[in-house]
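Think of it as A, B, C, D and E in the order they're written, each chain with its own count starting at 1.
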């Protein structure tokens, strides 16, 4: 079980790294997907090792996938808006508001 | 009548109220009302005196509770004994004379009514002071006479000197009052009452340790020092001559300044209880007397000479009282008490007369400076004659009143050789400067013809009071002739610590008479005959002359040593308040916002320094925290994750890892530093980028 | 196949169902009328919210869908807040509906309602899955709403920032929840509390992974609460998004975060609040965050020039006060949290409504442009002042009662338990920063009242926004002077989280 | 109902004034004044009735309540007065109405001004009558808001600064109070906010808690008094505030600090008081000297009066430190009343001059005694009262304070404090000299007019009362003797 | 997995692919390549699911993630990115700190997981019954009907939102 969890942790960290460093907004979205997946791996692992009979983990994972899809849709719509407004989707564009 | 003696002081009060609220606009009515009321008081005073004499000076007392406080008896009441009765008569007599005189002197003044109102108020306060039966009440009236003195000195307030003088008088006397107040606290604390009789009874029962008693006595005496212009608080009295001359006569010669002497006399049982305290009193009196007499030798302002003379004479009385206290403490009461009070009465008459006459001179010639006078005798005979009578009296020439009382004062110093010699010296100086004044004013050639030609005798309303007072200046001393067994002497003692009645000492009389005559003689030679040149003597004793002429530089010393420091402390405190205390507050609350200006920023940073630092730090925290707000979503995510990690690390370490706390701290600090650095880099980058993009758009 | 249907108790869900249908109705109506319906849509939305409120009042307490759906005091209380804040947000958006978002009025109202539905589900959820779904349903429409001015760069920027941070913390939250699941084998909160306690007792120690779970979940929910260090999106998003949405974010979304926090931490991780459970305790950590929130929010707000940003920082500060009640973890604490958010709703929604009205007429959100407003628009200036003073905690407004109650909770916690003495410091810092806060609130009042020149702007009201202002005003004054009914209601909240009074 | 009417009539008045038509300035002024004269008359009646019916005992009179207000927190609506609060009510009622009359010259945003003023009055009355901590705190805070607006809108050149400073400063203080209140609340069993109950039970607290609560309360109240070094809000607020508000600030608000000490922190924590009384006395002495010195250095007339308040309230602190002496405590009450009367009048008078001359620079004047004799007379009268001249109330209070303090406190300290008497004379006389005496600048002040009847009406009652108390203090003393005796007994626990 | 069984080998392989492709996703300069690697990564995660006997979930993963989300992303990439422009870097200034933070995160997470004693005792795979998929479906319709319905509301909201945002205004 440890290895699955470790895998998830590393994947999560990779996603984290991506969110922190990607300059492209869509890149950030992708990294977010990685993080969601890491969580999914966790859920499924626990489902297998801790409480298999209730299938809660799998259930949770399914819902996460659905939610991630919804989130991606909305996120991409916003990305489109950004593209329209700035003609580019780099994070450098949108930092007018600060301090 | 004694029962209603409180009316003596209330009648002038009523007159004050009437004038202020109703009669202000009618000058004659005001003056008339005021004079009528003081005359009523005068008559009543005389009746009271007679009644008291017929009671053999036994005190009459009546009072009511002023306020109910546990453990302390504060009351308002009257006490009529010999001293009171005498003082009542003295005050009302001089008061009446001065009021009548003022009708002439103040004629045409735009504030004529107000003057009488103030005089009435003063008389109320002074009579109240005299009538008081306890220390609390005497203090109240003590302050009130100070107030009226303030108002009257500053009566011609458009004059800057008058405005200054009144303030100086008030504040200087208040410094003395401060001590008085502390004395009162001590009395209250140890005795629980202010009533004279009760206090003295308790004191003699020994409720106060000797040291405390001495301190109390000196504190109380400091009130007298202020009021009676004793060294070192004598500086206000000469300046107080800026007031109208009748005021000087009434307040600053006859009555109010004598209140200090009255207080010492009144509190005599307290001084009797403490020899050292009494000695202090005597020494202060002596110093004052000597000092003032010395200064009086060289002054050229007629009123100032008289003022210093007053100071000197008051010092005399106080010295006598002090010596009485000292001697009595040591078991051999002298005649000091009698001498002091006796001289107080005589002095009131002749000094009042001197001032009024001087006022008449000033009124006639229009100046105070004796160097501009001279040869006035023919022009103003009444004035001149009365002035000279008074001068004879103060010099102590037989049989004028001053002779009798001064003689008793000299007698009271008999056991103290130093005092004796200096007393005689002062007597000599007194005679000298008084007659210097007489000769320079009334004899010789007029020095200022212009003024001389305009000089004229004063109207009758002014000269009659002079004449009346002159009469008193001659005869008032007779009541205390040493040959009288039941005269003034036995009356004032009224049984308390009376000295052995002893035969009159003729030798002493003759000595003091000789001293006085030699003083007059010297003045005669110097200023009438001009056979001795004053300048030459002035040259010979130049240092002394300069010291005397400049009043021993007291004003200057006080200015440098006290007033300037207080003012600078006050200003410093103010800046302290504004810069430091307020600065701290402001800093902390960010109320100094205009920091965008770098220069100002530096001012605040450097001047307010550490104190404002607190505020600065808070502001910087705000700015620093604001700075993290880079506007880049990823930086926010970074902050989140970095802090998640850091929280995790800290908690983690708590249980398991062998890393020690220092390492954790270092990591933490490093992480935070890195975070801030990075965000700064990001910020600058973003800043540049946005600038560039803006340019692009343009 | 057999289906063992749980007892649904749909009755309990009536408000949510109605509101959902109403949202569909509104969107559909907007589409079918070709978006030419004027203000009707707004009034319909308001009516729908009011009807939902009525239905909510009629539904009782109980459980439905097995153990998934709970209608208890806390849920009801927070639902009132959600409905109230939605009502006030919609009420104050009539101006922008008339002018700025003409083409999407239906979606605007519909999404607000859907987000409200999500919050209501969230507050009724009793296990982690539906809690998470509710949270997402709350958030996703808000992403859209924040970016609703599609041509306005600030709005879009707000949208994307909100989205990135929102999704990011959603991922963090999930990761944390997965560990909770792994530790307890269940997602039911009450069961989880029991399981974790049993495990903890059995194995002497639950395992340090709980540290990570706690911190990561804190980050996930802290984002919704705007609790530092997870607050940074707040001012940017408030500034950029449409003002009523910023208002809704600051109250509705925050209340949702609060109840989610309470459900997970106060209920699920009840045992791990206390410092004795170190290092698995969360009490001190949250206290630290509350302190950070109060300091940071109140200091940085001082330097803001844009009133919406300023209110954003103020919102950060306010959550610090609320969290004092949460960390206190006693009956009073829970009740005070409830009352605080209740009072905060009136004040903050009112303040944002005033800002929205002003912004609509002048196009400016700069604090300096409020100068002299009291002379030309006394009502607006007066109400805004009352709101701000309430936020600062000046009696007799409800904001004061709220702060009083929260500090009371903090002190009570500190007094009852030596281990919680740090609450004294938390309360102390709260008091101190409350003074700071007055400075920037008063700054706005100063601009409005003390300026010599009358403002060039004259503000007129439309009826709904005026209503919102008056509701806010009335709420603050009435519940400030007579808070008893709300307090009474709120005192039941603790029960819902399993705290025994 | 009597006490509630004191609170709610001004509140009602505020509502009435707010809903009056926009351009009815004159009507607004009269309405506000008439409405505020009702609580004034009520307070007079209370003084009268209390004197004859209740002054014999220390028990609360005219008690209303405790009525349930927020039962869940055991908060009650509970009002009552005793010998400490009755004089304060009198002062509040009188000064409020006088200030409103003095505000007739306000022509800017009249409605708001009078509305805020009535709200202020309501808050002040509330503070003096409430016996429940929560109620007390609410009123204590409620006052700040109208005060903030009154200074900020109608104040002088630096009004914004002064207003916010006042607001923040006092709020800062009151938050300390809040903490103490909460601590007391939770240590009492059952939890209560009833002041009278808490006075009975709080000496049983642990010493640490007592000390903490006492210090917190002290800071809160000291800021209001203000005790050095918490005084710096005062000069700013006083100077920038419009005349009438300065009067209220000096006359009533400052008294709340000392009132609250006597009502709350002193009787509740006698142990802590005993421990700290020396330091309180030192603060009082510093305040006396420091305020007086600062007054000497001032160039602005109003600032001078403002700093003199610091000095005068220093006397109160000194006497409050001498808690075991009934004399000193009575002196505090006298000082509170007399300072309210005297300083209120001084502010009124300074305002009169400022209205005409549009400057308060002392150096700008000189010799005004020629031109405005009545005004000069009044100013000198109150100046003398301020420097503690016998025959006026200031003397009575200072005398009692010193006697009381002297009997229990360090004698040297009291001796030093007495210096304040001389310094007081110095600044008053400097002011009188520079403004009213000396050369008169005809060019500049030639058309200065003397004080008018309305203005005389505002100061005359104050003058009469000052003299009355100075000459015949017994009634006032009788009014509160039982209460104060009881207070001292409580402090001896 | 340490026993060297087939499952172990597959796990290591899949892990390797996941991590490498994941790293590619976050570090490549060309965003299009990133998207492709994302697809690979998600596929491998589906493989992991199969290893964990969650076949249904694996299917869902492939259908929704690989089939829908990734394609959506790629469309978005193509819509918004000009392929021709060569970016200097796809990463911003945070790389160093990001690396530091994420490595620390990963390390501490792994350490914490390792130290969690509870799981040591239960590190035993449980059998998932044959009818798991059926049970899943059932409980989706019964026990989890409420989240199921709510998530549909959520999808609806997301749909409305996406339409609102993405729609071009007629004006």
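Criterion: a residue touches a chain if its C-beta (ideal position, glycine included) is under 8 Å from a C-beta of that chain, and two chains touch if they have at least 3 such contacts.
Small disclaimer: the values here were computed from a predicted structure and weren't measured.
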item: Set of chains whose contacts include both subunit B and subunit A; value: C, E
item: Chains contacting each of subunit B and subunit C, listed by label; value: A, D, E
item: Centroid comparison with subunit C (C-alpha atoms), farthest chain; value: B
item: Chain located farthest away, centre of subunit E as origin (C-alpha); value: B
item: Identity of the most central chain, Cα criterion; value: D
item: Contact pairs, highest-scoring chain pair; value: A-E
item: Length of the line joining the C-alpha centres of subunit C and subunit D, rounded to whole Å; value: 43
item: CA centroid of subunit A to CA centroid of subunit D, Å; value: 64
item: Whole-Å separation of chain centres (CA-atom averages), subunit B against subunit E; value: 96
item: Whole-Å separation of chain centres (CA-atom averages), subunit D against subunit E; value: 71
item: For subunit B, residues that touch 2 or more chains besides their own; value: 589, 626, 629, 631, 633-635, 637-638, 641, 644, 648, 652, 656
item: Subunit C: positions in contact with at least two other chains; value: 129, 133, 136, 140, 143-144, 147, 150-151, 159-161, 164, 168, 172, 182, 208, 211-212, 235-236, 303, 435, 439
item: For subunit D, residues that touch 2 or more chains besides their own; value: 164, 168
item: Chains touching one another, given as label pairs in label order; value: A-B, A-C, A-E, B-C, B-D, B-E, C-D, C-E
item: Subunit E-touching residues of subunit A, taken from the complex the two chains share; value: 1-7, 9-18, 20-24, 26-27, 29-31, 33-34, 37, 40-41, 44-45, 47-50, 52-53, 55, 58-59, 61-63, 65-74, 76-83, 88-89, 91-92
item: Residues on subunit E engaged by subunit C in the complex (per definition of touch); value: 108-109, 112-113, 115-119, 121, 134, 138, 141-147, 150-151, 153-154, 156-158, 160-165, 169-170
item: Of subunit D, residues touching subunit C in the complex; value: 69-73, 109, 134, 137-138, 141-142, 144-145, 148-149, 152-153, 159-160, 163-164, 167-168, 171-172, 175-176, 178-179, 182-183, 185-187
item: Partner subunit E, residues of subunit B touching it in the complex; value: 634-635, 638, 641-642, 644-645, 648-649, 652, 656-657, 671, 674-675, 678, 681-682, 685
item: Subunit A contact footprint on subunit B (complex, rising order); value: 626-627, 629-634, 637-638, 641, 686, 689-690
